[in-house]
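Starting off with a structure, shown below.
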Amino acid sequence: SKFEYVKQFETDDPCLQNCWIVVRIDGKAFHKFTDVHHYMKPNDERGLGLMTRAAQTVMADFSEVVLAYGQSDEFSFVFHKNCKLYNRRASKIMTNVVSLFASSFTLYWPRYFNTQELQYPPAFDARVVLYPSDDNLRDYLSWRQADCHINNLYNTCFWKLVQEKGLTPAQSQERLKGTLSSDKNELLYSQFNINYNNLPELYRKGTVLIRPRDAEAQSERETNNYRGYSASKKSERKPGSVVLHSDIIGKKFWEEHPYILNPKLYGS
Amino acid sequence: SKFEYVKQFETDDPCLQNCWIVVRIDGKAFHKFTDVHHYMKPNDERGLGLMTRAAQTVMADFSEVVLAYGQSDEFSFVFHKNCKLYNRRASKIMTNVVSLFASSFTLYWPRYFNTQELQYPPAFDARVVLYPSDDNLRDYLSWRQADCHINNLYNTCFWKLVQEKGLTPAQSQERLKGTLSSDKNELLYSQFNINYNNLPELYRKGTVLIRPRDAEAQSERETNNYRGYSASKKSERKPGSVVLHSDIIGKKFWEEHPYILNPKLYGS
Amino acid sequence: SKFEYVKQFETDDPCLQNCWIVVRIDGKAFHKFTDVHHYMKPNDERGLGLMTRAAQTVMADFSEVVLAYGQSDEFSFVFHKNCKLYNRRASKIMTNVVSLFASSFTLYWPRYFNTQELQYPPAFDARVVLYPSDDNLRDYLSWRQADCHINNLYNTCFWKLVQEKGLTPAQSQERLKGTLSSDKNELLYSQFNINYNNLPELYRKGTVLIRPRDAEAQSERETNNYRGYSASKKSERKPGSVVLHSDIIGKKFWEEHPYILNPKLYGS
Amino acid sequence: SKFEYVKQFETDDPCLQNCWIVVRIDGKAFHKFTDVHHYMKPNDERGLGLMTRAAQTVMADFSEVVLAYGQSDEFSFVFHKNCKLYNRRASKIMTNVVSLFASSFTLYWPRYFNTQELQYPPAFDARVVLYPSDDNLRDYLSWRQADCHINNLYNTCFWKLVQEKGLTPAQSQERLKGTLSSDKNELLYSQFNINYNNLPELYRKGTVLIRPRDAEAQSERETNNYRGYSASKKSERKPGSVVLHSDIIGKKFWEEHPYILNPKLYGS
């Protein structure tokens, strides 16, 4: 029709080739959302479990995702460097991911929150960020995990002071102002007899999702059973995802799972 | 932390100022989705109603939307030219819209489909398109509504031939190949005693959502009661949205609702 | 060859359709360049003449330019809204314009500076800016012309105080700090017997280049000789450009030259 | 002023961090330009020399360039990965480079073409291309040098057939259609007693510009005099550039000049 010319106003937004594509989604106004839905403070296992469930749905649908990392109201999905999904169109990738995440979060809500009904539909923003090198990508993931740690340590102290010492939020904030990590560890230990490092890894490290095959690879190799986990045997890659709460800042994780970043596995 | 530098790899993606911002969302693989969920063919009132419900949720949340238009598995949201939402960042706008749409679709599913359960979480893509002039914007909306008409006329014929004449899909397609609109109208009338123009406007025109205030403006003016629907009285603008199935290709609609495109109403 | 894949790393950068495309070029470090080449202060007629000559070369080569405006070490080229040059690729447009400007500036240097030799090759930056509406475009041009006026008034005072009253640059700057336009006009009049408005329009208004046909249009129309300056007679449009130093902030200029912004003249 | 809002229509266009930034410039319509100026066919030493001179001017001005490669009417400038020039704004970088190249080409024309006067100012386009990995960058440069070789072999045959065998251009083209490289080598040898590999490297390999320091590094190291060519001694890096006609496809060049791609030398 004579109206079709308007299609030309659409623009293409391809991601630069040979870069890791990260899609990070983050809950919109989850300060309010978690309040309205009576999330436990500072960590609600139901909420975190539901986030992970939604992220697993994304991983099941998008086989190009090699790893996902989540904490608080956010999740990051790492698409491998050679990924050709939607011709690498940024809008297509991020909107498909975020909408699937949002609908999964909503669909699976009752399985995690039982009688606590969902009061209104949640929204998430999403963005695409490109990382040219493996080091950049690892630093990105380290940035998010360090953020998890810092916030969790602070929030743990904050809510202990409020919930168990009866401080007002303002007083609690004042008490923590200027404290170092070591101060907060000490505070937890001396005042609440809590060894921070014994708190659940879920809270301290967040959630790492990788492919079953990548998770198994190490032990298989060790038992000398590992043969030919290779690009040519992509079919061997199992669908789904494995849930970990590992440290991904240090190099141990990456040494144990060398296949995650190995581009050979994703074709050129 | 030493990892924070990775934040700099994020890029800004502002929409050009003084342009209409259109966000169009479209169901991912709804060919399959509608099949799995036994949608009526060619139009399922429940499905269309649910799409509209989700779009209304978006309009309730994003007051900058002046009009939305939907048909089939898609919806377009028009943000006014001076809209400052998220500093006009394209990614922020489209991902918030599409994720809210997806979670609303999922949350309200049971209200429309009752015992027909949602089998898996639906995804939608989204894109931002900019239109510099009012004419460009109207041509965009005309393009979508013309698309609705063309598809609906075709699909109505196609399924009548299949459902009532027992043609196979392939035969039905063959029968319709090369036919003009007039041929299809004639076919419906002669073979099925259907006057296409009497079919529900919902199917033929799709769904137009506007603001209550914009919908009322005309009659108020006519009854001489209209006083000062103006930018300075934004508070008068009611939340929510009014559902229409009007023709938006001709100029009548725009003459009757002059406030929709009037930039004065949205600040400079 | 096996290296050709690298071509895919190139990205397209089309300008949004139906927008005015402005290319503004600006001399790199012309503070130093004008010093080294002993430009007259605050305005050097040779320098301004050479800039105009280079801009005319650009207009001769790029027929899609409908108007150019220059002042100081900068020039803006306005490409009409429907311009299809290089498929509206921004990089192609700005680099061709700026390199042609730079080589023209260099080639024609001796014609303007005679025995004053060019000491080193000058560079210019360039940028593309899009304006959706005619008002936006006119405001852009007004912004540049107002900038010309403000700088010229200031510089005229500054150099008078230095050159004729023997103030040091620092003293001159101090003397002018916080003065209004009216103060500066008054200063020129009372101290130097200069009526600012009598200074050359070249200095006060900058340089406007339009097409011969657009320049003639008005008088022709008035003498009733104007017949059919229309899109269908593009051949009538003469090449080259006419040099004016008109005010382009007020509406008079635009009323007198209605063809400049008229999109009908450039095809749809 | 009230017009300043138009500045907001400008957009930022930063290059993704940690990528090699390549600016490639290419002569506009040099088919005609070389004809008009009676360039020798297929290679004109004056023209190639002038291109190199202009490229050296660019390298002298932009210390972030680590290597430049030129052939025919094009030159590529490689900015190192950590380059912060103009905040990595693509438009700023490419327009400054291309305009300086164009004005240098024009300014130095007489030194290379003597009495052959420049008939009109030349233009060049420019583009920015990003390469995430060293391999991508090397493949880019290999692509350009392979292009040089292929064109030069073809053009050498083509013009020999025209100039020495009296074929028309059409006949010459016909004669070469479908020939392999080996066929062309054989043709040159059997018909013109030319050993292609003995033709000047300038024609066969194009021109490589590197920094004096990078050129020296190897021999210094070998003589054991190399101490601390490091980021902290940037001052050691000499300005200017060294002209080579080396093969840059094989690894030998890169092994001999390991400093060119070494990011440590350019700060993080």
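Labels for the chains are A, B, C and D, by order of writing; each one numbers its residues from 1.
In this section, a residue touches a chain if its C-beta (ideal position, glycine included) is under 8 Å from a C-beta of that chain, and two chains touch if they have at least 3 such contacts.
This is a predicted model, so every value here is computed, not measured.
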_More contacts between chains, B-C or C-D_ = C-D
*Farthest from chain C in C-alpha centre terms, which chain would that be?*
A
*From the C-alpha centre of chain B to that of chain D, how far is it in Å?*
52
*For chain C and chain D, what's the span in angstrom between their mean Cα positions?*
33
*Between chain B and chain C, what's the gap in Å when you average each chain's C-alpha atoms?*
45
_Can you list every residue of chain B that touches 2 or more other chains, as numbers and ranges?_
9, 16-18, 130-131, 136
_List of chain A residues in touch with chain B within their complex_ = 1, 3-7, 9-10, 25, 28, 57, 61, 90-92, 94-96, 98-108, 118, 120-131, 136, 139-140, 142-143, 146
_chain A contact footprint on chain C (complex, rising order)_ = 8-9, 11-12, 14, 16-18
*asked:* Quick check on the complex: what are the chain D residues that touch chain A?
replied: 16-19, 130-133, 136
